[in-house]
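Each of the next two complexes has subunit A plus one more chain, namely subunit B in the first and subunit C in the second.
Showing the complex of A and B:
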């Protein structure tokens, strides 16, 4: 299945708070340090938001909420991405969608 | 080092030094037996062995022997002459002996290394080779380098940044320069470019500045709409014929610098949608950015989304190399787009980002400013389709777990690389060495990066392979320094081991003229007859003409017929002691 990418979702996320997934250089250190070991955490989940893949974000709702916000990833991120901040923004967006 | 000095009744005083090479030779060759075999040869007054003949200590001992024993010939039996000819010629010179009265016998590659299973055979062969070297040395005569005056001018072919900077450099070193440009104006590719990475320097302005510098220097003579058609002459004195405006002009120069640059890769029709409206090359796109205002408009429609596809025409079967500049140039272009209109969405589809060195900072900056990067697999490039004028790019993005994604861009930029220019005429005229990739080849990429195997011809800039502006300019200056190193002395010293004619024996048959690959031989009038005459500066000492002469009227200095014959004779004597 091919999904069309677009800027709308990233725009919506930025209205809800700071979302800086574009700074990520996809090294994968965050995924390696994540104590939960969920493979889409947190790099890919952020990327779903960046590329505008709404369905993917919804499909991974549980993952987004399972994050412990421990910041192990943030401490190791060489690009200085505000990873837990981005996860919070994604949670906010998911909650808003549910409220609708 | 054991001394075995024997007074000799012969006419010459030759020193022979046999090397152990730390065991490389002596493990398989009986060095003592070699010494014993040659120490009583006629004319041999010194015969010694040494653990490492090339060591400083032994070199000095040899030089001392030359002085104290009054040696007039030197033989070192060691490794390949390729390795140490210059070393021991230097030792001879330091001892006061003419360097061309030295002979190296190769008893390592040709004896100990080749016959590890046969100590007896290896030793015998070594004895024969040393005897032959003594025979050659016995007939050696002092030779002096040929000194030729050089023409203190250079021709630079190609008026891009590399060529212009080389010309300015040469002029500033006090040399005359002819700058030959194929197009109507100087400037090359850079003269056609807007802001360039990494600092946003304007290409037009950079080229103009160099042109101004050139026009301010009367030592630089510029020919535009001009092409090189022929090069003749000898080392340091070449005649280069240039075709300009329908006439042929002869330039007398001492050095030639080639700076003919690259060609931008032109995709095949249909390659990543090339040919469809909205699919452009990086070269087209940079020109568009230069001309377009803000917001960016293509064919009357505003551009809101751009997809870049990297490595087009590079790192594939036909062009296996990386073009080096394109990643950085495309990232820089995207930053210019963002600066003009932050609302434009930009997707970069790449194989590997190679924004090396400081260019990495622009890559980071472009991500901060919202550019999105997607990585595709080598064997699964993105697909560009055009339907009713609307473009669609589909890509399997490895960074999103291999999800199949689609972009609907207003513009697709094919990030095209550098390919060699079609320079068939110039390549033939200058006999330039061309590599497998189609670019011109230097002698050694690290140590001799601008010289070619063709005497007097250097190369610089992107005609050698993909280069950035900074790298092109640096190599242009390197070529200028290399050319000036030859020309500023005013004279050049050439190897005296060249052929010469015994005119009294020559019948003027002309066989040798055709045998010479360097066109160094001609027939000249000598009284009523014609005889062969060899231009020593053009001769490379290959000896190809020598056997072609039915009268044995040609000799090669340092390897005369008499020397070769005496070497063969001593080889036929064999190794018996």
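Showing the complex of A and C:
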């Protein structure tokens, strides 16, 4: 399987709001803290956005919309990533694509 | 995007656009609590409910309906439901909580009003202009609709000369205090939760309570709005011994509620984990659990299924503030 990586999606996301997934050090503390216990939330879904993996973001729509926006992850993140802000931007992007 | 997800978000945003609330509760019902107080309309300082406590029994009914239908049947029905809902407000037709289900939630604004009056705080009320803030639509990503709604509410504040708002739940607090300034240029309204106002004034205590309670922090109060100490100060002033669960204060554990509209099973799983932590904290003491958000109250209570009692913080505070007859 070939996966195409490109900057366009990150650009689109940044037009919708502050998207700072590039600050993430990929340590996984957020995922370990998250009450939902979904392995791609929030670290990997943010990364899909950063890497321009449109299809992966779409495939994980339920995960993006499941996030409780509870900020437990942010309270533990050593890099100060605005995780819930990034999730909100991903939601906006998904809604925009679907013209809800 | 899954059809049901798209259409459910669509119904909520249509309602906000067309009717000023994601789940429009009749204004008469949402304002009835204020009758006994004769509060002035508007004024520099108002008590603002955002109708959150009124909405929750209706959302609860909708979630039950969703569960009864099952996700596959629901997915088939929601597109039609959305078309119909654009024409008539469908909520009163499909979600009708009983008066018993409503009464505990509808009592909270009155509890808060009594507490503030007893503490010597003067305030007005906006009656049918006390609108839902749009928080659910905001959380689901529908920013454009919410931006327009924020301007509408800011216009109402301007019209009534409101400079100071006292809120009664965490979600309305964060929308009015931290989100609206992003959407409304020149927004200059001071917003505080009644818990902050009362903690600063001091709780007027006439009949101190005795006993133990476990405190459940709302994620929004604790991690968005830094409202952590006021509820503890007030419960202690009421005479209660406060117990902390494993995840507390800035590390509080979500009640699962925010996932409820789209994924009730996920919400229930998170709530069940939280109930386990709260029960553990209550181990060995006869303890109820105190909540400070209607969404936490409904979700935790449902998950506990009668194994633990939950009550809104305003109930305890008012009980302590009122002389027993």
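Some notes on this structure:
Throughout what follows, the second predicted complex is superposed on the first by the 99 of 100 C-alpha atoms of A that agree within 3 Å, B and C clash if a C-alpha of one lies under 4 Å from a C-alpha of the other, contacts with A are read in each partner's own complex, and residues count from 1 in each chain.
FYI, a contact is a pair of C-beta atoms (placed from the backbone, for glycine too) under 8 Å apart; a residue touches a chain by one contact, two chains touch by 3 or more.
Just so it is clear, the structure is predicted and the values come from calculations on it, not from any experiment.
Bringing the complexes onto one copy of subunit A puts subunit B beside subunit C with no clash.
Within the superposed three-chain model, A:86 lies out of touch with both subunit B and subunit C [touch as defined at top].
Remark: in the superposition on chain A the angle formed at subunit A by the CA centres of subunit B and subunit C amounts to 130 degrees, rounded in steps of 10. Of the two partner chains placed by the overlay, only subunit B lies in contact with A:47; subunit C stays clear of it.
Legend: residue contacts after superposition of the two complexes on their common chain; A:23 is shown touching subunit B, with no touch to subunit C. In the superposition on chain A, contact is made by A:7 with subunit B only, not with subunit C.
In the superposed model, A:62 lies in contact with subunit C only, and not with subunit B. Remark: least CA distance from subunit B to subunit C after fitting both complexes onto chain A is 22 Å.
Looking at the complex, you find that subunit B touches subunit A at residues 345, 347, 364, 367-368, 370-373, 375, 394, 397, 399-401, 403-408. Those residues of subunit A whose C-beta lies close enough to touch subunit C in the complex are 17, 35-36, 58, 61-62, 65-66, 68-72, 74-75, 88, 91-92, 94-95, 97-98, 100.
Every residue of subunit C that touches subunit A in the complex is listed here, in rising order: 1-2, 5-6, 9-10, 13, 139-143, 219, 223-224, 247, 250-254, 256-259, 262-263, 266, 270, 273-274. Of all the residues in subunit A, the ones that touch subunit B in their complex are 1-7, 22-26, 40, 44, 47-48, 50-51, 53, 56, 79.
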